[in-house]
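You will see two complexes here that share chain A, one where it goes with chain B and one where it goes with chain C.
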Partner chain A sequence: MGIYALFVVNRSGGLIYHEKYVGAPTMSLNEALRMASTFHSVQQIAADVAPVAAAHESGMTAVEAAEFRLRAYQPRTGVQFVLLSTLEVNAEVLQSLLVRLHLLYADYALKNPFYEKDMPIRCKRFEMAVARLLEGYTGRDGVVARPVRA
Partner chain B sequence: MDSTLSATTEGTPLLLPPGRSSSADAAMVDAGRSSAAGTALLPPYKLAALQRRPPDLHLSAFALLFAECIAYAQNRVLSVAELEYKLQQLGVDVGRRLLALVCLRERQVRRETRLLPVLRFITSTVWRYLFRKVADSLERVKDKNNEYMIVENDPLFTKYISVPSDLGDLNCNAFLAGMVMGMLCSSGFACVVQAHHVPRTDGAAYPPRTVLSIQFDPAVVQREVQMS
Partner chain C sequence: MSTAVFYNFYLFNREGACLCYREWNRPRPGVDALQDQRNMFGLLFAMKQLCNGWAPVEEGATALAAEAPDAAWDPDARLRTARPLLRSYTTASYQLHYLETPTGLRFVLTTSVHAGDLTRVLQRIYREAYVECAARNPLYRLGTSVMSDAFRKRLDAIVRSAL
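For the complex of A and B:
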């Protein structure tokens, strides 16, 4: 399959953007919001209680499960990008996709005068750029999956 | 355009180092060695203005500045039309200055007096100067002899800007329209330029193409007829 879902969480734990692809469990917007803020809290707690000094800054960045793989990326601004995928997707690939998502966020959301910081991202060009970036990872056998919306 | 001419002629003596005869300097200019001694007298901003190919501006820097301009204007208007007008006026000021600068840098000393050449100058020379490409198309509106349009498929100025639906048909390229208007008006072609969205031809819904529609003053068209 490939990538299940993408979440972008702002620095106070609010979900500002999410996209679900084929294979992702059905989830209402409220559930997605709850998931995002829960993840954010766990992340912060992990950063605080981490016994290793290096983890104080990054907190929890990866979850490896039997069925899925999660990677989170938090640049210095505090906004957080989370990707959920199958085990087929390489961890390095996920990492590079997260960095490129950050780039798209910096370009299409932050350079848009109509976007308010920390508010949900409703920018057509951002949506299009994200779809283009993840195009190859959201389907199977060359079939490009359409994002599933709640 | 007169200002451009005087700028170049007045500017030349500044290039000459003091205490040298102008013929010796002319020889040095020819040999291409004058830059080290001569240009040391020029302040950096003048030096940059004289370079034929100025250093590139980072698109991010421009995009952030432009976004702030729009946000600033948006806080001071009550309607979309007013916002577009403000952006257009901002562009007019930029266009006026830009015309002089482009002519100086591109060594364009002749003033265009005819309608089509001046439009071609803007859509090719100025466009290349601004965007490193020519405009996607320049057309005359059917059945109208005073209306032209410049089509841009995806203008660089609005590369990162998505207009929310509550602002309706706002086109931030009103700034670019203002620039074209400033250039045309200060070249002696009185006109009004406005930016509109038009659907794409390839079927995709987004981003829409931008058309800069130029409406010339009837006097300009009349003069054009008399000249031909």
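For the complex of A and C:
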């Protein structure tokens, strides 16, 4: 199935971008918002219970589960890029895609004069670039649902 | 694998009581042990819910609501049908490995990062330490903390052999 969901969470735990592909669980926008903020707080607790101190502890970067894997990338600005994929997708591939998503975010959202920081991303160019980037990694039909606008 | 450092171990029952806590190496000591255990259980509880919400669906499969018809009026239905999906998570400084048995026991092991998949080690702790030294101990009452020396020795031995 490949990559089946992408979300971008801002530094206060708000969901600012959300895209689903083949295999994504059905969830309402409210549910997606709630899960994004739960993930944000879970990361805080994960840093609190850490048995070792780190110079820059930002919470979870990877989650391995029985049916899927999650990779999160958090640059110093606090915004967070999260990819969900099935187990056959290589972890290194996900990691490099996340870094490139950050570049797309910088290019198409942050450089857009009408985009306000920490607000939902509604940029056509960003959507197109993300679709192009993830094209080969999603399920065979590509996008099944229109991106859910946060 | 050989360079992995084991930090600590938690065993929770399904009510969230910490039955056993063992620490081998903890460079950043917790402020309050009880609070630390509560945080850990809360974290795992939330992660279980999240993982169930994130799990992919097979093509053509119906939504969860259809599988559990009582989900609409019973808010706890989702909690009861939640599957233990979490295996491990990694942060910048440590990795946490997780095993949940059908009886609701949660085995938690934290190590340094890049320790790989330690599901086997957790299964051995369950099989060789918990079952042998707690469940089969006639003096042990289920749900009370596991304080036997034998359990601790087994646990240490398993972890040492996994290094």
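One rule holds for everything that comes next: the second predicted complex is superposed on the first by the 137 of 150 C-alpha atoms of A that agree within 3 Å, B and C clash if a C-alpha of one lies under 4 Å from a C-alpha of the other, contacts with A are read in each partner's own complex, and residues count from 1 in each chain.
Following the convention adopted for this analysis, contacts are C-beta pairs under 8 Å (C-beta built on N, C-alpha and C of every residue); 3 or more make two chains touch, one makes a residue touch a chain.
Just so it is clear, the structure is predicted and the values come from calculations on it, not from any experiment.
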Fit or clash between chain C and chain B when superposed on chain A: fit
Contacts of A:37 with chain B and chain C, given as first, second, both or neither: neither
Contacts of A:107 with chain B and chain C, given as first, second, both or neither: first
More chain A residues in contact - chain B or chain C: C
Contacts of A:122 with chain B and chain C, given as first, second, both or neither: first
Which superposed partner A:95 touches (first chain B, second chain C, both, neither): neither
After the two structures are overlaid on chain A, angle v-u-w for chain B, chain A, chain C in degrees (C-alpha centres, nearest 10): 160
Minimum Cα separation, chain C to chain B, after superposition on A (Å): 29
Contacts on chain A seen with chain B and repeated with chain C across the two complexes: none
Complex contact set, residues of chain C against chain A: 7-8, 25-28, 30, 36, 39-40, 42-43, 46-47, 49-51, 53-59, 63-64, 83-94, 96, 110, 112, 117
Touching residues (chain side chain A, partner chain C) in the complex: 1, 4-5, 22-27, 31, 35, 38-39, 41-43, 45-54, 56-68, 70, 84, 86, 139
Touching residues on chain B, where the partner in the complex is chain A: 60, 63-64, 66-68, 70-71, 74, 160-164, 167, 172, 206-207
Touching residues on chain A, where the partner in the complex is chain B: 107-108, 111-114, 122-126, 128
